[in-house]
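Read through the structures below before going on.
Across the two complexes that follow, chain A remains constant while its partner is chain B and subsequently chain C.
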Partner chain A sequence: MSSFDLDGRRIPIEPGDTLAAAAFRSGVRTFTRSIKSHRRRGLYCLTGDCANCLVTVDGVPGERACVTPAHDGMRIRRETGWPSVERDVLSVTDHLHWAMPVGFYYKVFARPRWLWPLAERVIRRATGTGRLPVRGAPAGRARARSARCDVLVIGGGVAGLAAAATAAAARSRVIVVDEGEPGHALPPGGARTIAASLEAEARAAGAEMLTHHTAIGIYEGASVPLVGPDGLVEVEAGRVIVATGALEAHGVFPGNDLPGVWLSRGAVRLATEHGIAPCARAIVLDDGTGDGAAEALRGVGVDVIEVRGTIVSANGGRRLTGVTVDTPEGRRSFACDGLVLSLGLSPRDTLVRMAADDPVTVAGDAATPGCSIEDAVEDGRRAGRGEPVVAREPDPWPGLGSGGFVCPCEDVGVDELEAAWREGWTNSEIVKRYTTATMGPCQGALCSRHLAAFAAAKGAPSAAGGRTTARPPVRAPRLADLVGGVHEVIDRRTALHGRHVAAGARMDRSGVWLRPGTYGDVAAEIRAVRERVGIMDVSTLGRFEVRGPDARALLDEVLTLDVGRVAPGRTRYLLALDEAGYVMDDGLLAALEDGGYLLTTTSGGADRMETWLRDRVDRRGYRAHVLPRTGELGAINVAGPHARELLGALSDDDLSRDAIPYPGHATITVAGVPCRAVSVGFVGELSFELHHPRSRSGDLWDALLEAGRAWDVLPHGLDALDVLRLEKGHIFLGQDTLPDDHPGKLGLGWAVAMDKPAFVGRASLERMVALPLERRLVGLRFDGSPQRGAPLAVDGRIVGRVTSCTVSAALEEGIGLGWIRAVDGAFPPVLASGDLRATVGPTPFYDPEGVRLRA
Partner chain B sequence: MSLLVPCPTCGERSYTEFTFGGELRPPDAPDPEAEFERVYLRGNVAGVQTERWFHALGCRRWTTVRRDTVANRIEGGV
Partner chain C sequence: MPELRRTDLRVVTCLASADALDRLVAPGHGARALRLAPDESAFVTAPETAPEVRREVADRVAALEDDAVVRDVGDGWAAWRLTGADARDALAWVSALPPPPPGAWIQGDVARVGAKVLGEDDGLTILVPAYWDDHLRTRLIADAGAIEVTP
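== the complex of A and B ==
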């Protein structure tokens, strides 16, 4: 016989058993302990609505035992209590009720503040909830897919299936989602027969059935995430029909949470579907609806006493031993081990209460609890046609008793609501937050209506006493399901990624790219470039070709330089401003021999530049093509006094200054790889950026390393680049700049052709340059080892900040860039940076005449 | 999640594929006063607004649509 393990005990399984049914048959009565008071909690609803049977199934916490099918070999752990659920020493807290008033956390731990972190650790251990496995391999992420439909029907009961059949017959794309199989929640008999024929009708008309899927929320649109066995399904629906039915009204009276108190459907389900007697002697509280609970229980041998009246209290300690009821004949007490409540129905409307502005129709029991099967069919047909559903008089509903737990999930009683109200929290939304009623695992399924009734009974105006807003998730999804819907952040890797990793590089995340920070020895990498030759993978640079009759007009509008002055074969530094005149990106513009242009941008700015260019093309109607080439072109920068010799060893082309001027470019072949060699100056040595087909990056890299042995070539990463460019006083956009830097503040006024009639940002720039400069980026020399981010001060007043710095080996001193504010209309020439003295000086620090670049 | 943007090349696609480009503004202004308004001031309409969307995860083209900012419904392309 198959069985599962419950806290070390073997529980036999019979066919059709849920975890709850099997455990109950084996005598388990306490399924969990309540979250604060550690009171015993037993089976109550058996419809998956309450939180009384949450257990950990094979390491997954928070599973509902009453709707989880039992399988051989499962390991079930009850989640609460110490040392165990059955013997829980923490149940002493139930007797300390007086010491834990409502708003306990706010009141007790407010001061001293240091106490809270300690208290929190104790409380976290003491509260009754499942534990997430924090050790071991992460569960990974669930798969996610999208689905579209015209009509999404949530709930495969009578109303939902009628809606689906009608909508599908009208040629709408329909999806029906149900937590189990369609019709599974209906009582056996006529309703199931009707549901079965409606299901057949819906399927024949083309409705898609998503069984064993749960809608966990309704988002704007309507967009509805479903959690199913295969992961997450994100449904975009034209409209949503909520036909989630009703659950039995939660009874609120002293002792209402004792194991042995049942909602009648739960007791009946245990009896009829599993053949288990929920108790020996039951008091069935009959509200006159005659739903056959007494008969069903007698069928499994329960001694049933039917009673009319109002419950005063349920009595007992570990479990129910008796009930006191006000009957028409007066107050009476009964001895019993079961109390079966049939107090009316509550709509299962949590989804509806989070979708106020979305196209949602509610049908059947979810609209009118207790409606007839005929009414449910009619509701469904109307909703399926897109018509409003007729409002009907709902079933009577019990309201609140004098005591007991309103919110069993969070251990909130009537007395706590009263106390909160007395303290001035006179609004249902505020009472909810203060007491945490409705905020437990069942998400207010049981108690949301009671909370509103409480506020209304207190005389709160309707706005302050209404139902509280519900929020997703309605059911607790696994974290793996939630992250399944998150779009993955994809790291971009250059073609040389594998080689960098193999060479032991530390790979850094730089925007969306993974780039080598260093291969181990930054100082050696710097020395290689300054003294011999170094190579760097710069395939991350944004590259665009701009072509077409209006290419020049487009670029003249977007860039600050005068494009017409860049002759074919030449290269110029480019700046692009936003409309407010602030620097957006920088890079190089190369005029190609055939009239086109090649634009390089910063690695992080490529996307924005493309968006920017395309916007202009679209708005102005320019006849120009913007061709992104970032992905298809690799680029390797070869820099150092021996750079030309290294290329010469691998190329038969003319590499002289006449052939590749500075600044300029030419097409050459290096190691058999066709390259556009761009003569650049970022690191301050003779250097060539080799743009080439990405598929050949490996060949070129290997050839350069091999041939470069003659000069002890070294590859370098971003760390070395940061120092090399800083010695030249070149800025890193973003690191050395602020969002409101215009070119003048950065000392880049020379890059702006103010004699050009129009370019983006020009008008704003004109306004700004007419004002006195209040802040600027300057070069700094330090008499020690500077710190990036350190403040710069004059007479103790902070007027700036170091944005980049290093101790330069080539210059044998501390250098940096930083921004400073004007003091009394002038920029201070000397500042204090901590204990250091920072002197403002000209850049470049290294090779100020640029002799080495032009070599 | 759910807003569908009509793209002239790709049809109706989820807004998550797009980059929002803000309200449509003229590319130029006739005088400095109008230029100031064009660059720095926004209508911030509560109602139907004409705005720009860039189909970043699709055809990488811009499109202009009219959207009701209160109901968050797209009324159509322009």
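== the complex of A and C ==
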């Protein structure tokens, strides 16, 4: 027989069991302890409305045992109580109410101020429900997806399914969302048969069923987030039909939270769905609605006493042992272990109350609590046709007794509401905040009507005495669902992605791109570039073509270099600053033969550069066009002493230094692929970036690898690039820079044409360069193997850190870049990095004269 | 069941002043004209007619404005066709965008990336930047209900 583990105890599972049903059958009566007073709480509603049965399921806290199907092997933990739910030392707090009056933490811990942080720690450990799993691997963000429909039906009961069938038959696109399966919340028998028929009708008409999904709110639109097993679904609906049914009135009287006190539907469900007797002897408080509870309980062998009247108190300690009732015949006491309450119904309307001006219709029990099956079907049909449904004001709930818990989630009793009112909190919203009533896991399902009735009974004006504001989420979602889709990284892939994977590359996430980190042997990849030839997919570089009569003026404003000095066919290093003079991006500017310009930017900076350029065009009215080409062009960097020979093997064009000078560019054809070859120096060897149509990337890559066999060409990834550029002392923006770096701090003052009259950031730069540098990026040589991020110290005082480092095979020493601060007005020439000695030195470390890249 | 298949389309973009684009006569050859922004129009066309479309657009806009830019940027786009009676329903599982009727188009979020959706007589064409090609295909297959994928 299948079973699950509950706090180390094996609980057998019968077919159709929920966690709660299986546990109850095995004798479990206390499912939780209350949040403040640590009172025992047992099963109560069995409809998922109350918080009495929240448990941790396989590490996920806050799951409702009464609506969670039981599966073999599950690991269930009851969440409250120390050392256990059954023997809870903290239940002593139930006898300390006198010391903890309502709002006591607002008063007691206000002075001295240091007390609250200590008290908070103690309170947090002693109260609350489940614990988030903060150890181990962090939970990922849930997936998020969008959906659109004409009609969203929330609730797969009779009314909801009738609405769905009718709307779908009228050719509307319909989605039905239900927390379980359609019809699952209905009692066995005729209602379920009708629901099954309506479900079949709806499906046949094309309605989609999203089962095991929960609508947690209704936002303007109507936009409805659904939480399901696969994550978040954000539905944009033309209109919403809420058919969430009704919930039973929560009775408030002394002892109302004792295990053994049941809402009628809960007791009946346990009996009829699972064949379990909720108790041996039950008092069924009959409100005259004849909901059949007594018969259902007798059917499973319960000794039932039907009583009319008003409950005075439920009596007992660990569980219910008796009830005192004011009957028409007078006050009477009954010995029993079950009290079943049928006190009326009210709409499950939290979602509806969130939807102020949205196109929302209510149907079935949610409109008319306790309506007949036939009326629910008719309501649903009407809602499905888009016709109004007349909602009936629910009967008032029975008044509050002399005691008992109004808000079982937060342990707020009648006396606490009274105390709050006496203290001057004479408004239901304020009473809510002061007492925390309605703020627990059930979000006021059980108590919000009571709170409103309490305020009204006290004579509060309607504006101050109504029900408190309903806000999402109506059910507790996982944190992973709440951040579903937020900052979701959707990888961009180059045209060569498949080839990299096939070649065994380790694909790394680099900003928004997936790029090869290495193909297996970083050292070999570096050697190939330094000694022979290597190729790298650099299609991720940002590229923009800028054209028009004002193209030069636009670029002169956005870039720090003097654009007019870049002759056609030549390229220049570019820096773009923000208004504060801080470095925003770098790259290359190529002046094209026909008067246009091609900019390359960093891979991560492309989107921002596009926005920057377009913003300037719009704001300044430049006659210039910015054409993004990042997605359209592939790019492969061919680098190494034999780079020119490799290209020569595949091209008939003139590849000489005169034809493609450094730094410069030319249009050539390589392996039949039209390319703009840009000579670059990032890795410190003769290098050509071949920008070409993305659709030809595969052909070009394959041809380079094939022809490159003569020189043992190797592809390389980001790991090799990191070393190669570091040997040249080149920075990686972001890795080696900070958000407030101006060019002078980075040693890039040479890239700024301060003799230009204006460019973005110039005014700020003028002010900053007049100030002494407090911090700057320097080249470092180490007498050992350095570590990235390691602090740099002078006389034990940390004055900087290593931003990039490696042990260079070409230089046979440890090298790096790092930030250092001035000490007593001067930058220290020697620092300590752990046990290593770091000596500040000039960059580039490798080929400082740049002979190799001009070969 | 809707059918999903990759389709080969070219996109000719035209950057010019709003006034010039307002007056630009769209090319023939069955090209779909998309006014993406006041200063940008795109023309979606079959590969075999792309050179003609590009030439026509370039000639026509040159008569209106001498510094307009016309380029075939089709390499930057990936196009997928969703066809069949349920194609619009399939889109509804990956996007809140209302599916455009035949001949119309809309742009916005599809499978959480920026896309352009073109209404066709037999379904929809979805265009995304080529670097999101795999993402769109994967999400359509995973989220858009039962669809038949044609290699």
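Basically, the second predicted complex is superposed on the first by the 484 of 855 C-alpha atoms of A that agree within 3 Å, B and C clash if a C-alpha of one lies under 4 Å from a C-alpha of the other, contacts with A are read in each partner's own complex, and residues count from 1 in each chain.
In this section, contacts are C-beta pairs under 8 Å (C-beta built on N, C-alpha and C of every residue); 3 or more make two chains touch, one makes a residue touch a chain.
Worth saying up front: this structure is predicted, and the values here are computed from it rather than measured.
**Student:** Figure out whether A:Glu234 sits in contact with chain B (first) or chain C (second), or with both, or with neither.
**Tutor:** both
**Student:** Thinking of the overlay built on chain A, is A:Thr611 touched by chain B (first), by chain C (second), by both, or by neither?
**Tutor:** First partner only, chain B.
**Student:** Is A:Glu579 touching the first partner chain B, the second partner chain C, both, or neither of them?
**Tutor:** In the superposed model, A:Glu579 contacts chain B only, not chain C.
**Student:** Look at A:Pro693 in the shared chain and tell me whether it touches chain B only, chain C only, both, or neither; answer first, second, both or neither.
**Tutor:** second
**Student:** One more residue to check, A:Ala763. First (chain B), second (chain C), both or neither?
**Tutor:** A:Ala763: touches chain B, not chain C.
**Student:** Between chain B and chain C, point out the one touching more chain A residues.
**Tutor:** Tallying touched residues of chain A, the top partner is C.
**Student:** Quick one: classify A:Ala144 as touching chain B (first), chain C (second), both or neither.
**Tutor:** second
**Student:** Touch test for A:His497: chain B only (first), chain C only (second), both, or neither?
**Tutor:** second
**Student:** What residues on chain A does chain C touch that chain B touches too?
**Tutor:** Residues common to the chain A contacts of chain C and of chain B are 146, 234, 236, listed in rising order.
**Student:** Looking at the complex, which residues from chain C come into contact with chain A?
**Tutor:** Going by the criterion above, the answer is residues 13, 15-17, 39, 67-69, 71, 73-77, 88-89, 91-98, 109, 111-113, 129-135, 139, 143, 145.
**Student:** So in the complex, which bits of chain A are touching chain B?
**Tutor:** 146, 219-223, 234, 236, 357, 487, 579-580, 607, 610-611, 614-616, 618-620, 628, 758, 763-764, 767
**Student:** Which part of chain A faces chain C closely enough to touch in the complex?
**Tutor:** 144-149, 173, 206, 208, 234-236, 485, 488, 490-495, 497, 513, 545, 547-549, 623, 625-627, 629-633, 693-695
**Student:** Which residues of chain B touch chain A in their complex?
**Tutor:** 1-4, 14, 16, 19, 21, 27-29, 32, 35, 38-40, 52, 54, 56, 60-62, 71-72
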